[in-house]
Each structure stands twice: as C-alpha cells, then as structure tokens.
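Have a look at these structures, which come just after this line.
Below, subunit A partners subunit B and then partners subunit C, in two separate complexes.
Take a look at the complex of A and B:
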C-alpha cells in the first residue's frame, strides 16, 4: 500500500521539478547564504513573472498538441503596438490611458494574432511548430514594417504603465517589496488553472491533445476548440508582453528575441508532454522557477556565466529523459 | 516532339516541376529587374558560394524529417567543430605554417569524429532513451553550444592557416570548389536515401514506425544512423564555415535552422515523416537563394525578408494542402463512378 503510493508520487510529472528545486536551493543556500534572503527571493519571483505568464500560453498550446514558437512575437507585437498607440495619444492629445485599457488592448491584439495561428493550424495538416515558426516571422515583419522598430523610452511610455511597474507590495522592514507583476502572474495562473480544469472547453483541449479522432467522435468541434486554444494563448501572450515591457520600462522590439526555447523548455521540464494531452499550471510554475533559479544563481555559487547554456541543456535532457522513463513505466503498468 | 516532352514532364514528380518552374521564373524575374547586376559573374559566383552552408544544413534537416524527427542541434554541432579545430590549429600549427596541410587533414578527421559523436548522442537520446526528437535536440543544442562557450568563454576563434582559406576560395573550372563538393555530397545523400536499403527503411520508419518494426526493420539502428549522418554533415559544414568566414563562434548562424526547416518544407519533405524526394531540396534551395540575393539587391531589410519567407512557407503549405485535397476528391469521384457503373455493366 505504502509502496504503491510512493510509486504514484514518483510517477507524478511535477515531482521531479520539486525535488530539483529543493536540491538546488539547498546547494546554493549552503554555498552562499545570500540565496536564502528575502531580497533574492523577491528578485527571483520578479524575474519569473512575465516568463511564467508566457509559459501558461505555451502550456495551453502544448496540451492541445503542438509547440508554439510564435508567442514571443505575439507578445512583443501586442505590447509594442499598445505602448506606441497610447504613448502617441498621451503626447499629442494628453490622454493618459488607464492601465486596464492598455492591458486590455494588449490582450485583444494578442487574441487576434492567436486567431491567425488557429486558422493556419486547423487548416493545414502540418506540425504546429512549422506554422507558428512562419507566423512568428510574419508577425515580426509586419510589426517592423508597419508599426515601428524604434525604442519607446520611459519618458514617452504611457505614464500609468511606468507607475504600475514601480508598484510593490508585501514590504519588509528594510523597505524591499514584492513586485506587482508577480501578483498578475499568480492571477493569470489561477485563472488558467480554473479554465483548464473546470470548464468544458478546458477539458476538451486536453481531450484533443490526447486523441483527436476520439474527441471528434464525441462531438467536439475541433476547429472551435483550436480557435479557443490559440486565441486564449494569444491573449495570454499579449498580456505577458505588456507586463514584460512595463517591467523593463522600455518598449524595445528586440527585447524578447531568441528566448522562445528557454520558456518552452521550462514548460516541458514542468511536466507538460510535448505530444499533448498532459500538463498543469503547477508544473509550469515549477519549471519556470527551476530554470530561473539555475540561470540567476549559478553566478552566486561561483560558476562562470559561460557554463549557463551547458547546464541548461543538461537540465532539459535530464528532465526529458526522466519523463520518457516515467511514460514507459506507465505503459507497462497498464 | 513537344507533346513527348510535355508528357515526360507530367510523368515526373509534380513537386519537381513546380519548383523548377519557380526557380526559372525567379531567375528570369531577377534578370529582368536587375539583369546588369544579377548576371554579373561575381554575383553568380557569390550565390554559388552562399548555397553551401544552408544547403548542408538543409540536408541534415531533410534526413531527420524523413525519419519523422528533427535535428535542432546541427548549427551548434558545426560551431563546436569550428571551435575545437580552431583551438587545435592555434596550438599545433607552426609559425611558418609548414605543417598546416597535415594539421588541416587532422582537423577534417576531428570534424568527422565530432559530428558522428554528436549525432550518436542525439540518436541514443531519441532511439534508446525515448525522448522526442525536438526535445532531445533542443537539449543537445544547448549542451553543444554550452561546450563551445566554455571552451572559448564566448569569444571567437579565428586566424586560421592560409591553406584553409585558399581551399575555401578555390575554383575548379570557374565553379567554387566548395560548391562542387557540396553537390557531390548532395548527390551522395540522394543516392543513400533513394537507392539503398537503409534509405528505404528510413522512409518506412518515417511513415509508420510501428509497421516498420513489425516488418523487421531495426528502428533503433535506423534512427542512430540517421542522426549520425545528420551530425556528420553538420560537422563537415563546420569546416566549411571555418574556411569561408575565417572564424568560429559558439552562437554563430542560429537562424540557419529556421532557413533549413523552410527549405525542406518548400522542397516537399514532409515533417510528418517518410514522404518527399531529397533532390527537390536542391531546387528549393536555389529558388530561396535567388530570392535572397534579389531581396538584397532590391534593398529589402533582413527582417522583412524573414517575414516574406514566413509568408512563402504558409502559402506553399496552403497550395500543397489544396492540391492534396483536390487529388483526394478526384480519386474519390473516380471510385464512386466505378461503383455506380460497374453493377450496371454486369
């Protein structure tokens, strides 16, 4: 009985990341006590905030059965367009846009871009990563050609975004506070968890990722599920982009470039299966936390920064190998 | 006579004719738009040169696609080869360069070895451990790049012996030697995929791995061979990059992967495995090269160029999809007609 429970725990997808987080934290903390300070924890959570929101979007697409490569450009496209729009309105018409409106525009643009992805994906029988790779390039080109490529500096940025990025809460005695974007990330995660776990649409996303033919026979409209998936992921991506831009306080169109793989890897390390049908928000949170603990804190224990890539690669391989072995076990148990 | 030729063309691979027509069209278009600059020997020469690196990477992706996999680590394998060779040459070549040729041959051996080993690692992770190709090669991509970073601390290796650069710039009968070597390798890959038992097994496994396993194909061995071939070609491409750019860097040319994926999809190699003809990749490579040079001459910015490539990919996928659907419809209608007419005839 006890043995059975242990086996179940070992087979749990999120188990690995929990173990590794505890392990790495222990090692980092032992070598450098600065790791276990509130400042470091708050810093870590701030760094994790907008990648975690992006990762939620990636997870939804992954559960549906495909790797999304376009999310960073969806995010940048939405955030940059919104920042530019509201900075122009602010400079020329003196209109200080409320925060909700700015982020609503980000989400809306993201959802529209997501619906393009949905059209591409449900139309063609081609792996999702190829369609989204090309749509990423298309979004990027459209943005640079028609919207702009120059930086938007803090003094031009919408004032409310800047004010928002200076907000902290849960202040300690020494005056250090937790950044507000962490709260946004937490809210998004709770929302996504709720949608994916307790709504019919959310469950149908899992079903579609697990078995397309069966899902269709039960009576789900596959195209509608896909439209939902990509619009939701796009909206989340748009919001993540907005938060990312406000965190840095500069709308730099090149800012997210080339970070796709880190976030996708974080989602997979958190236990989402790359072929679809499995994945959880808790896993995503753990995966993002784990990858950022590693990339932020290797320097703390005296490992030179050029080792980052190598360690990160090993982590991906290790996590993927453990998953593969777990799945083999599961198949044998049945 | 003309009917004969047309008939023969019709019989040939549909994708082949389509791509050949696109290439010819683009060539004529560029000649019409900027003929004076486009047809200049120097330009043709540089286009032939530029074909080599993306071409080799596209070959890697093509063979991985055929096995229903993907190899994201190719560019980092090439960079790793360049870095190791660069360090080797820096340590061993005498100042007067008298042993340069011998050392370069040693480098070639090292390239082959590193390529095969990296490919073997990919293959083992995919076939033995059971990790999905996209994940396994994403991991090894980071590992290989990481090793390169550790070896160089992020700096570039460079100043290779003159002999290597002379080799890189050599011409045989007016055609760059590297291009000729690339074409030879390309022909070899075509032969391996379409004429050998291994190639047939590769395509079987790509289209249905369960069926191929039940019919006695050793899937593990085929996968290992595939990724080793891919690694080998990537390793040799590392030598090419050394010779052409006189430097090696851990994060050089990361966008080559996207370009290679694009080239293969345009060339009709299905990422779903098993289907496609490798020789078509050469045509799509040529078409993309003409397009790239054309964009350069028309002063289109690289970012817009990438975006247009993205559009192209989507459009080509769309056209393929429509063609496939229509073919299925025609077959369907034929089958229906047959069923309706046959009983009446009896």
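Take a look at the complex of A and C:
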C-alpha cells in the first residue's frame, strides 16, 4: 500500500520539477549562501512573474493539443499598441489612463488576435504550430507596418504603468518588497486553475486534447471550444505582455523575441504533455520557477552565460525522457 | 406490442448520387435486443448515423417515442435517449472514469460548473446499475478494453438512454468479457432499454438477440425474430450469394516438420510449450486473451524471444532473437492490429506490397525502380483477388478486408516458409473472410506452414487441420480438428487455469 502510494507520487507529472528545484536550490545555496535570502527570493519571483502569465496561456493551448508559437507576439502587439495609444492620449490630450483600462485594452487586443488563431485552426484545419508560427509573423508585420516599431521610453509611457512597476508589498525590515506583478501572476494562475478545473468549458479543453471525435460526439461544438481556447490564451498573452512592458518600463518591440522556447520548455517540464490532454497550473508554476532558477544561477556554478541555451536544451530533452519513461511505466502497470 | 422506442420509415440516403440507403423501415421496441448485420458498405453505419442525427436523411420519417423529428440533429437524438457506443468507445484517455461518465451528462444538462463529488456519485451509481466494479477515480488510460466499454455503457445510461446502439462490441474483448457484456445487456433489457447490436458472430446473435435485421446494398433484406431465422443462412443474406466454405483438408506430404517448438518458455507469459508444424499444415492456436497465445506468436517472430526451450526449423536448432532472425529463417507474421502494426495506411499499394522486400525493388545503383512496384502490385492484386487499382492508390482507400489482403501480400512477397497469422479475419466482412480463408488454404496446399491464432471457433474448425489450445501460458490440448467439436474447443478455452485453479 505504501509502496503503491510512493509509485503514484513518482508518476506524478509535477514530481520531476519539484525534485529538480530542490536539487538545484541545494547546489546553488551551497555555492552561494545569498541564494537563500528573501531578497533573492523576491527577485526570483519578480523575474518569473510575466513569463508565468505567458506560460498559463501556452499551457491552455498545449492541453487543447498544440504548441503555440505566437504568444510572445500576441503579448507584444497588445502591450505595444496599448502603450502607444495611451502615451499619445497622455501627451496630446492630457488623459492619464487608469491602469485597469490599460490592461483591459491589452487583454482585449490579445483575445482578438487569439480569435484569428482559432479561425485559422478551425477553418483551415492547419496544424496549430504552423498556424501560430505564421500568425506570429503576421502580427509582427502588422504591428511594425501600422502601429510602430520605435521604442516608447519611460518618460513617454503611460504614467500609471510606470507607477505600477514601482509598486512593492510585503516589505522586509530592510525595506525590500515583493514586486506587485507577482501578485498579478498569482491571481491569473488561480483564475486559470479555476477555469480549467471547475468549469465545463475548461474540461472541454482537456476533452478535446484527449480525443477530438469523442468530444464532438458528446455534443461539444469544436469550433466554439477552440475559439474559447485561443481567445482565453490570447487574452492572457495580452495581459502578460502588458505586465512585461511595465516591468521593463520601456515598450521595446524586440524585448520578448527569442524567448518562446524557454517558456514552452517551462510548461513541458511542469508536466503538460506535448501531445495534449494534460497539464496543470501547479506544474506550470513549478516549471517557470525551475527554468528561472537555472537561468539566473547557472553562472554561480561556473557555467558561462553563453552556455545557458545549451543547458536548457539538455534540460528539455531530459524532461521529455523522464515523461516518456513515466508513460512507459504506466503502460506496463496495466 | 408497446409503442416503439424508435420507428423509421422510408429512409433514403444518397452520397453524390450513390444511393446507400433504400427505403429502410425499422422499428425497435423497448427492452428488445436487435441485431443489425451486413457487410462493410451495406449501409448499416449510415443508418446508425441517421438515427443518431449525425447524417440527415434525404427522405423518410423518424419518430422517437412517438415524437416526429422532421430533421433530427445529434443533440436532439441524444436528448431523446439514443446513445451510440462506437467501436473505439469514444472515451477520453486522459480523464478519470468519473469524469468520462459525467461529462456528457453535464453537456446535455448544461451544467457549467464542475462538482467532482457529484461526478463520482453519478459515476458510481451508473456503474453499480450495470454491475461494473470500477474505481471512479482511475484514469481511463489504465483500463482494459472491456473496462473502457463498461465506462461507455455507464455513460450512455447516465444520459437516460432508451436505445443503446453498440457497434461491434465484441470484437476486441475476450470470451469471458463477452459473457459479462451479455449480462449487462440483459440487465438493460430488464430495465426496458432497447439495444441495437451490430455483430456478425452467429453464436452471439443466437445468445443475446431477439430479432435479426440484415442489410445488403442499402436495403433491408431480413427482419425476423432470431428464433425463426436459420442463422446458418446469415452469410447468404449478407452477401447475396452462397458462400460455402469447404473445410480445410490436410494432405500429409510426409517429410519432417518445418517448425518444431520444444519446451519453450518466457517468464510470466508461457511455459513448457511444445508443438510442431509440417509443410502444408494449418495449425490453429487458440485461448483467451492473456493465455499466452499472442506472446507465443510474437516470440516465434523474434519480437520477444523465448528464454528457454528450443526452436527447430527443418530439424535444425535455430535461435530466433530478433525479427531479422525470423526473417532470415523465412518466418512471416501478420499482426493482430493491422492498422497499427502491419499496414502503412497513407502509403501506396506498391510501397505496402514491397515493404518487406524493399531491397529487391532497387536497381544496380541501389535506387528504387518505380516499374518494379507496378509489377509487384499487379501480381499480388491478382493473387489476392483484389479489384484492380493503380499501384499508387493509398492503402487507406481500401476496406478492412482488402487492407488485410494488402498486409498478407506484403508478407507473401517475401516468400515465407512459415506464416504466423494473428487473428487474420477480425473486423473483416463475411465475404472477405471466406476469401482470406481460401487464400490460406491455397498457400498451405502449396506447401507453406501456417500458424493461425484465432478466437473464432468456426474459423478454427473450417480452416485448420490441427488445434492447440492454450490456457494460462500452457498448452492444455492439442487435437486434430476433424476429431473435435466446437463445444469441446469452447469448453477447453474457458476452462479454469490449470495451475492457479482460479481465474481473474
């Protein structure tokens, strides 16, 4: 019985990332005692915040059965457009947009872009990764052509976004606080967890990732489920972009570029199956933590920064291998 | 009789001018078990799809429990109590038993928020109703095929089914599980639920069905109580022609056995298995799923080699540790799961036929020569009695029976001396089945040694000359088929395991 429970734990998809977080933290902590300080923890959480929001969107699409490559451009498109709109309103009409409005616009633009993805996937039956690779380029092109490509500097940025980026809470005695974007990320994760686990729409996403024909047969409208998936993921991507731009305090169109793989890797390491049908917010949180602990601290154990990508590659292969072994083990248990 | 659960009249359906259903009238009453049979392409799937609202009919009327539906949609059909259990069961591998059973209920009742305790309670109630003992929290992935089927039935019941349509429910489950399924069906019947049962197996039809409906070329050709129907005539009604199978007659040619297996064992799968096959023989190996028959066949093909014992080929002791070894010794294997293991569905006929002998398709420079594909395909289409199509036609364009022939041709092209066929006629229609049997008999007469693994007792008696019955990893009987009755074989297959003195 105890043996059985141990096996179940070992087979838990989130188990791998917990073990690796503990392991790497021990190593980094041993090399540099400053690793285990509140300041470092707060710093780590801040770095994780908007990637974690992006990762939630990626997870939803992955559960539905596809890898999204467009999420960073959805995020940047939404954030840059909103920043530009409200910076112009601020400079020319003296309108200081409230934060909630700015982020609502980000979410809205993201959801609209997501609906394009849904249309392509449903309408033309194109594989998700091809659709989203193309749409990433389309979004990028439209943005550069019609919205802009120049930096928006801190002094031009909407004032509330800059103020927001300077907000901290849970201050320690020495005056260091936890960045507010961490709270936003936590709220998004709780919301996504609720939607995916406790609503019929959320469960339909898992169902579709498990078996498309069966989903249709029990009466779900596949196009509606896909629209839900991509609009939700798009909205989340838009918000992540907004938070990211505010954290950096500059709207730089190239800022997120090239980070797709680390975020997708975080989701996969957190246990979401690459072939769809499984994945959890807890796993995503763990995966994002793990990847950021590594990228922040590898230099501590003597890995030069230029090897970061190499180590990440190894890590993804390792995570995929562990998943494969777990699945094989599961099959043999039957 | 009471008002029918469903009554269809004058149903017609055509696809691009091709008429698949021709004036079908059919009524099913509550508590009735109706068997629907017909060859592939006879229109039974289209009829099921019309009843379940997936297709709309071109003409005719559908009424469910007295209500007329001029254009029945899928949700209407579900809400009216029509449930289809497809061959793949349409269960979600990644969700739990409880969620699989409750999800469609939630969709139907539009319950937007999920309560997991409610899911579990609903699932347990439904499972208890059909007498299935399953853990509601187990993931479907970990269940056996028969257990998945029970989940699908429980799911149908939860949605207040009054007619459950089961599409070939017995092809993938063992004899014992079939008996359990029949008990479940009898339970449904007692509750007044009608069952439409698609099957071709005569013993099953006689055992469980009240009425038999046979379709051919889009027409209903038989609608009769099973008691008044000569079940032996089923093949005639399904094909429209007399399909007579002459029992296989082995002509001893003398000489030593082609294959001898002595005391072969593989731990946990089978042990002390001995038998031999002579050229020109067809040896049947049967037993329940899990009796070790498939494992034995796979080990002879080098997929999971034997751990002790001997294999002799033409009297010479031979080690078969890999597929390559098997191949070098002229052993071919037709897998049970032809789609998963035998056929390249998206590849052409030529590529499929040549896949075991691809080296011989190459010219002097080692480059593939297209012309050889064409010659090879022409030859095997002819030998296997397939309708002529260009060699570039993808295998997916063929029906189940023809696909099985393609896999047969692929191995025959390699000129094997020993051919192991694992359930060669599962899921193929009656006509193809008898043609595959004829092909096997012809090959045996040409001197091939054939080992056929089969569940179908009729098939064993009519196509093999000797039968080996396995139970719990051991051979429990070896007999000439002309000296044994079907009942005896069936009794031996289902006998309790010799070692444990217990089953399951």
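Before moving on, here are some points about what is shown:
FYI, the second predicted complex is superposed on the first by the 333 of 334 C-alpha atoms of A that agree within 3 Å, B and C clash if a C-alpha of one lies under 4 Å from a C-alpha of the other, contacts with A are read in each partner's own complex, and residues count from 1 in each chain.
Keep in mind that, in the parts below, contacts are C-beta pairs under 8 Å (C-beta built on N, C-alpha and C of every residue); 3 or more make two chains touch, one makes a residue touch a chain.
The structure displayed is predicted, hence computed values, not measured ones.
Applying the stated contact rule after C-alpha superposition, one finds that A:126 touches subunit B and leaves subunit C untouched.
In the superposition on chain A, A:174 contacts neither subunit B nor subunit C.
By the document's definition of touching, of the two partners only subunit C reaches A:214; subunit B does not. A simple residue count on subunit A separates subunit B from subunit C, and the partner touching more is B. Using the contact criterion defined above for the overlaid structures, shared-chain residue A:92 touches neither subunit B nor subunit C, since it reaches no partner. Within the superposed three-chain model, A:314 lies in touch with subunit B and out of touch with subunit C [touch as defined at top]. Within the superposed three-chain model, A:265 lies in touch with subunit B and out of touch with subunit C [touch as defined at top]. No residue of subunit A lies at the contact with subunit B in one complex and also at the contact with subunit C in the other. Those residues of subunit A lying in contact with subunit C across their complex are 197-203, 206-207, 209-211, 213-215, 217-220, 273, 277-278, 330, 333-334. Interface residues of subunit B facing subunit A in the complex, by the touch rule stated above, are 125, 129-132, 134-136, 138-147, 149-150, 153-154, 250, 254, 258, 261-262, 265, 271-272, 301, 303-304, 306-311, 313-314, 317-318, 321.
Interface residues of subunit C, counted against subunit A in their complex, comprise 74-75, 78, 84, 86, 88, 90-95, 99, 103-104, 106-108, 111-114, 141-144. Across the interface of their complex, subunit B is touched by residues 67, 120, 123-127, 129-131, 133-138, 140-142, 144-145, 149, 258, 261, 264-265, 268, 274-275, 304, 306-314, 316-317, 320-321, 323-325, 327-328 of subunit A.
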